[in-house]
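Down below are the structures I want you to see.
Next come two complexes built around chain A: one with chain B, the other with chain C.
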Partner chain A sequence: MSIEIKDVSKDFKNVRALNMINLTFEENKIYGLLGRNGAGKSTLLKIISNRIFSTSGEVIVDGEIARENDKALGKIYLMNESNLYPPKMKIKNIFKWTKEFYPNFDTEYALKLSRAFNLNVNKYPRALSTGYTSIFKIIIALSVNTPYVFLDEPVLGLDANHRDIFYKFLIEKYAEKPFCCVISTHLIEEVSSVIEDVIIVKNGEIIRNQTRDSILRTGFTVSGSAAAVDEFIKGRNVIGTDSIGGLKTAYVIGSMSGENIPDGIEISAMDLQKLFVQLTNS
Partner chain B sequence: MNLDFNSEKPIFVQIADGLEDAILTGAFEEGSQIPSITEISVTYKINPATALKGINILTDGGIVYKKRGVGMFVAEGAKEKLMEKRRNVFYENYVKELLAEAKRLGVTKKELIMMLEKGESL
Partner chain C sequence: MKLKSIYKYLVCQSGKSYLIFFGVILAIVHIGLLITVSLDSNGGIGGMEMATLTYMLVSGVLIYRESLMVSMQNGISRKTFFIGSILTFITISIIASAGDVVINLLGNTYEKNCNMVYDSMYEQFFMKGIYDENVMVTPALSEYFKIFLLDSVMYITVSTIGLAVSVIYYRLSKAMKIIVPIAFIFICQILSVVIPYIDYNFFDSKIMNKVIPCMKWIVESNYHLMAVISCAAVLFIFISYLFIRRVPLNDSKK
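And then the complex of A and B:
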């Protein structure tokens, strides 16, 4: 069971937003979809969920072509910035309404989450703040129980406490009943420990698609006095450096296994956010 | 147990080490139940696959065992086993590092022994 994206391209007038994307989302896995603003993440998610059409290529859900296919699309839920619910409906009624389209929607669970987030279900969505609008959408996404859930910027406007609650509920839900979850976010550090695989999009193309553990092993960080660091990184694949006074930090691709670390130099792990920034700097 | 996400040590190894520490200090006694994969992953906000990988180090080493449908428990003799394992890496992880730092600071062998004695008398 999987979603396969085959040779998908998307043009907006003369601009190529996505170029020949090939990807597979396997069942029961949490993915991080990372990219800078305008890289094409949201466009890709909208194509997968049939909100917009690709210019070429196909999306295949569990073996079936997804385009205009209700059965295939019923397995997918996309949470994003658009609001696809009746504007004159209270939140608690939107829960009921959602169940009409997603029969596995768990209303009890949605109400439990609403209490945990302190969301008043007697309100209308348009009366909610940015943060609570995200919370309202998160609750629906975590309650629909489709095998594939796509979250486009789920924590937009959420404070630290609410983000904490969100990650905990997501992990709890996933640990008890795994599903495929794709999280597109700019808060890379926060999501790093939650995701299993990382997909990085740059200028409409996939530049990385691998497990988080393996991507973190692709590089390391060297810091120390500028002279010592410069000596050490000679001949290595350096993707970026930061300097402050006489101190320097270099981000290096490659491994360090078995080498002696010279005095005055400190080696530390590459974190996902740093790696991402270095890889996606234009 | 504290996890350091910036450490060179992978998270699953930190999970295994943290649980081992808890067994060594007696926080989890032999025969008692340890937290589930779900509890560990929710508490530390980590992917359950990572938590499982950490727990597997302990099950493979015979430190904890699974009771189907009940949970995971600390094995009898786990503490002794862990102490032996830790003694074996003590030289590599601590003694070598101690000597290297002493050398950098110009601390002589005699001074080092004095410091050890002083530390012991506390």
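And then the complex of A and C:
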């Protein structure tokens, strides 16, 4: 049971947005889909959910080609920045209709989340602020109970408190009934504790696809005086450096097993955001 | 399953607005009839189907964009959405035709009992000729069935025209959205002015001599008219499908 993306490419006129993407989203896993603006994350998610067509390649959901396939598409839910819901329909009625389209939609749970987020279900989507529009869509995404849920910028416009509630409910929901959840976001630090696997997209290509723990083990951070750091990183695979005054930090790919750490040098684990920034800096 | 869901959704959304429209039209007709009767003017009203035709055309145009978005959000393919839309048009057209029969029955009840004339489009076209003076023609019960059939086919056709217009416009670029209507007017001008002019001056009206009998044949029987507009409906359904089947979701147009 998985979503397989096979050789998917997408061209917009003369621009290649995605180039021969090959990926597998397995069931019951939380993925982080990371990439800079314009990297192709949203395009990929739109292709998976049949909103746009790929120029070549296929998306296969549980063994079935997803393109124009109601059965396969019924297993996928995509929440993204676009509001495709009728602007003149009350939120409670949108819940009702979502239940019609997705029979496993849990209306009670949606109402529970609405109360937790303080969302008035008698409002119309067009009357909601940016943050509450995201909340409204998050609630549906968490209540829809499809095997594959894609969240494209789910916390757009949400304040810290609401983001906290969202992560809490996401983990709670996942613990109670695991599902495949793909989160595409720029708030990497926040999401890094939630995700299990990391997929990094750069210029329409996948540059990393591995577990969060293994990706963090691929490198380390070296800090200290510029001279000491420069000496230490000689001959190592350095993916980037930061300098402030006489201090320098280097981001190194590789491991430190059994090596002596010179005085004046501090070694720390790479955090996901730093690694991401260094990997995606052009 | 998905077809049933989108059909149910579309019928609910379209049905609600039709019921409001029907209530307003029924009230207007009733008030119009009451005024005509109270003024004792020997006048008449009719052709209320034109209002329903306009409504169905607009409804065909409006159903597309919002419903396509709802379909995409809820994992429904374009093909299923398209079939659901056509089934919805058929359903609403049948309901609207039944509504017209109710309005006709009301009008003809007044016609029978008061000194005034009420004519449906069908009565005007097929029961007494288009340009006749106010003559009381009350349809038999069997004629109501023909009214129902003709109205149903007409409404389905205009709905599909509305859908086709909407679908084509959705896919056009900004420049093409301006070029297409201008081209349409240009073609209409050629068909209605230039071709008859050329025909009259260079072909001794041979073209018009062939076209006019065809047009007469179309309007001489309700079944001929129904056959022709059914073909038009099929054509517009086909055109709409060609445009819908590969349409990308244009969610930037919020």
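Convention: the second predicted complex is superposed on the first by the 282 of 282 C-alpha atoms of A that agree within 3 Å, B and C clash if a C-alpha of one lies under 4 Å from a C-alpha of the other, contacts with A are read in each partner's own complex, and residues count from 1 in each chain.
By our rule, contacts are C-beta pairs under 8 Å (C-beta built on N, C-alpha and C of every residue); 3 or more make two chains touch, one makes a residue touch a chain.
Given the structure is predicted, the values throughout are model-derived calculations rather than measurements.
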Fit or clash between chain C and chain B when superposed on chain A: fit
Which of chain B and chain C A:H162 touches, first, second, both or neither: neither
Touching partner for A:A175 - first (chain B), second (chain C), both, neither: first
First, second, both or neither for A:R208, with chain B first and chain C second: neither
First, second, both or neither for A:S268, with chain B first and chain C second: first
Touched partner set for A:S192, first chain B, second chain C, both or neither: first
Which superposed partner A:K41 touches (first chain B, second chain C, both, neither): neither
From chain A, separation angle of chain B and chain C (C-alpha centres, steps of 10 degrees): 150
First, second, both or neither for A:N69, with chain B first and chain C second: second
Which of chain B and chain C A:F101 touches, first, second, both or neither: second
Chain B versus chain C - smallest C-alpha distance in the overlay, whole Å: 28
Shared chain A contacts, counted only where both chain B and chain C touch the same residue: none
Sites on chain B touched by chain A in the complex: 3, 5-8, 10-11, 37-38, 41-42, 44-50, 104
Touching residues (chain side chain A, partner chain B) in the complex: 30, 164, 167-168, 171-172, 174-176, 178, 189, 192-196, 213, 263, 267-269, 271
Touching residues on chain A, where the partner in the complex is chain C: 46, 49-53, 68-70, 73-78, 82-86, 97-98, 100-102, 146
Interface residues, chain C side, partner chain A - complex: 1-3, 5-6, 8-9, 13, 66, 69-70, 72-80, 245-246, 248-249, 251, 254
